[in-house]
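Paired with chain B in one complex and with chain C in the other, chain A is shared by the two complexes that follow.
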Partner chain A sequence: MNALLTLIKREFQEDFQASRGAVFLLIATVVLSSFAVLLVSNTELSLLDNAQAVYMMAGIIIALAALVAVIRGSDGFAGERDRETLEPLLLAPITGRRLAEAKLCGLLCSWLVLFILALPYLWAVGSTGQNLLPAVQYLFLTGTLMVLLFGGAALALSAKMRSFKGVLSLGLALLLFLGSPIVLGPSLRQSYVGRMLDLANPLAGALNTLDSVIIDSQGVALQLVRLTIMIAYSLAVLWFLKAVTRRIEP
Partner chain B sequence: MKFPTWKNLALIMLAAGVWLAPSAGPAAAGDGPALNVTLQAPAGVLKMGDTPNFLGAVTNLSRQPAQGLVVYLSLVSLAPGDEHPVDLEDWSAQKAVRLDLLNPGASDYRHWGMRLIAAGKYGVVLTVVDPRENRPIVSDLVPFEIKPKATLIAGRVLPVALGEPLLILFLWGGMVFYNFRSYHKPKAEELG
Partner chain C sequence: MPAIEIQELKKSFEGQPVLHGVSLTVNHGDIYGFLGPNGSGKTTTLRVLLGLLPPDGGRVAVLGLDPAAAGPSLRQRVNALPESHGLYGWMSSERYLNFFGELYGMGFTGGDYRARLRRVGLDPDDYRPIRTFSRGMKQRLGIARAMINDPDVLLLDEPTNGLDPRGRREIHDLLIQLNRVKNLTIMLSTHILDDVERLCNRIAILDQGLVQYEGPVHSEAGRQRYRFHLGNGGVTLSSWNFPGISLLDRQDSWITCRIEGGSPAEAIKTLVLGGLPIVEATAVSGGLEELYLDYTMGGAQ
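Here is the complex of A and B:
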């Protein structure tokens, strides 16, 4: 247990005490600030309903969280391997699974910090409207599931593949693939096939859940199917991560 | 025989036109239902963010049932100098309905909910398309005005948008400075 805590602490220090962590936080806040300024500076956007603005902001936060999870997850084992620091790490009296757990905790800590940083933005654009509290609750829930899913998948690939660049390319391709149906127009997604694709896509599920809760003020009963699917994906990814980290090649 | 004057000739042509005119209209030909469509705006002042209902009514005035009617709402911006049709994408979840059957004399009353997204002057019409007729039937234009409502307040958003990156920069700078000081601080044994 102590070794696990030490590893989690190491992950946290690497993320937030090194320049890399500060740059990540700075970029995240600059992205959120740019979008917030765009909302108020554009006449048409500034007249948006508060709930609509909160939903758009929440969508950007989810996309940022998934992107960061893919980048950090890809770096998990493959990055250590590239920097030749994985071998000494594997010499420590800790199993590969524990190592993966520590890395996953690091990812969740990054998400938690991003979520805390995003709260003032949500308040700024949505405090005068409706559904701000459910928006925050569901953002935390769906964001955590997306980080587990994308971060876990990237971490699992990182344990198996040799190079960081390869894992990152694959992770980003997966993110783009799952994100691509979202750019399709609503009319295409209204068809039977479109609805099925939406249901099977966890990223679309997260955004549709936020849309349903924030804009349409719908209750938890209508979110159960989508949440169950997202949880099922996350559990499958965690199981895959557990399986591939049983034995890690240096 | 006296030839008619130009004035009499014009009167004869007008009379013939009036007599012939009803038979030229498709609805009066007796081969298709005549429909009446009306749209009513909600009472009171409308402002952004409201979700008023416009009451639409389609009535079958003929003796035949009307089948497969398509009824849809159209919104147009009437801002002077910027008149344009408005895409109902964000404004209305229900853009069109199909009426399978409308019996003779029957009316279909329906609320057309709309979410008022942007301020300005607008007009809305309800159109009915009968597949057996070559001309759609359109209600009168219902003009309405949406009052603006400030939803995103710059005074609230800008301090957060500018403050957070600056705070992160400040904390980062402080951390770098602290690490620099700690690294270069002379150790006790070095001081002798």
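Here is the complex of A and C:
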């Protein structure tokens, strides 16, 4: 079997056969179930219109995907270094880039599992309303870009930094920093500074795209700028990852 | 062409020099012991040989190739057992070997993996996760992994660490067999001198980032140690200035020296002419331990 496929298979098996895979699935299910129950049973939240509920559910899924990507990406090299399993891999006749590609594919597999897991919940809160199909399509697209961006950045840092905890702290700080403008009040977000922050922030870009598609029913043409910015960020992160994994030290 | 050749290897970490100019040669078919105290630079040297760390200076060749530049093509012919096992606790032993076999593109069948497990003394029908294995079993599996690509050169970092005497003996027998049958070149970094005496034909002793001794295990240098009793209650030595004779130890009216060249008689004559009132000379039997201590405790002056 091709070495890349072998590595991807191991990443996938480690996720879903080792205990950490079960923990990940359990946490994701609890978070999604809790939020879905809140949306349909809470007195105030249940008054939201259907599109608003789908948008909120999609936002939670994006946040969860970015969080999982940061945790898994931080573990990619630094975690293996901590567990002392990296050196035998580096001794094998594969390049650091191949390892990084396999780990990135592993992250995308985790995202795919989370996405499939989230579909019934989206259907449960949005099946009677409009825009469920575009919501699912754009959720997949923006979620994939967020996983590439946050997971790729965490993976690149973990190739360079020695400790898993250090990379994780930095990754979570970055995630919180990018997430913070989203909680700005509506008036501030409408200001010039707020609009610029929204445009430059890839996480805000993903959520604004979902808002635009699900709530405002806007077409692809209006999403192009935000999608282009997200793709540009993702490509920059992938380039950075490629550069730092040219040589990985044990 | 030697299997491994290092000339004037230098390596620093964050400005702190670790290797100051290491030079050594390992020939094909050698079982070469690489000795030295903790922090002397053994693991760093092995990592440079494996291409995992770039050297700061000097020249390194493994099977005639530069490990830093050759990359995967060299790693197909060289393998290593790091000090840490690096095993995936959730896998079974057969699956673990299978994973690395596929990474190396070996195209083995299930029977091949089972035979390899049997060869290192592991039960191929044991499907328990590796995390439940004893330290000795993990070490054996690590060796099986290091042999998965049938390498020409094998670098082992503390291969018998933590094994009981029987386990150590079995690993010794396995390494000797591989060396004799497959002409495998083995470089063995260890603190266990018994391993070296039983396995190695040549050694290097590394201390303070330099090779202090390179040569046969049972060297004349180890035997040329003499204890001299000085008359008149000894003398005060302000400095030691006897070329070819190293002062190893001094206690009251006794001194211990190593004679680097020439005969003991010539050395005694030199010392007496130099003012040392020698009344008795005793040859000290010097095994590997003595040799190691001489070269790692400031004895080699």
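Observations
In this section, the second predicted complex is superposed on the first by the 249 of 250 C-alpha atoms of A that agree within 3 Å, B and C clash if a C-alpha of one lies under 4 Å from a C-alpha of the other, contacts with A are read in each partner's own complex, and residues count from 1 in each chain.
The working rule: contacts are C-beta pairs under 8 Å (C-beta built on N, C-alpha and C of every residue); 3 or more make two chains touch, one makes a residue touch a chain.
Every value quoted in this text rests on a predicted model; they were computed, and no experiment measured them.
Once the two complexes are overlaid through chain A, chain B and chain C fit side by side, free of any clash as defined at the top of the document.
In the superposition on chain A, the chain among chain B and chain C reaching more residues of chain A is B.
When both complexes are overlaid on chain A, the residue A:228 reaches neither chain B nor chain C. Of the two partner chains placed around the shared chain by superposition, chain B is the only one that A:26 touches, whereas chain C remains out of contact.
When both complexes are overlaid on chain A, the residue A:49 reaches chain B alone and has no touch with chain C. In the superposition on chain A, A:7 makes contact with chain C only, not with chain B.
Of the two partner chains placed around the shared chain by superposition, chain B is the only one that A:120 touches, whereas chain C remains out of contact. In the superposed pair of complexes, A:88 makes contact with chain C only, with no contact to chain B. Judged by the touch definition given at the top, the superposed model places A:36 against chain B, while chain C stays out of reach. Judged by the touch definition given at the top, the superposed model places A:128 against chain B, while chain C stays out of reach.
Superposition on the common chain A brings chain B within a closest Cα-Cα distance of 5 Å of chain C. Common to the chain B and chain C contact sets on chain A are residues 17, 19. By the touch criterion given at the top, residues 1, 3, 6-7, 10, 14, 17-19, 84-95, 247, 249-250 of chain A touch chain C in their complex.
The residues of chain A lying in touch with chain B in their complex are 17, 19, 22, 25-26, 29-30, 32-34, 36-37, 39-40, 44-50, 52-53, 117, 120-121, 123-125, 127-129, 186. Only residues 47, 50, 52-54, 71-73, 75-76, 79-80, 82, 84-88, 90, 99-100, 102-105, 145, 149 of chain C touch chain A when the two sit together in their complex. Across the interface of their complex, chain A is touched by residues 48-49, 89-90, 115, 117-119, 148-154, 156-162, 164-165, 168-169, 171-172, 175-176 of chain B.
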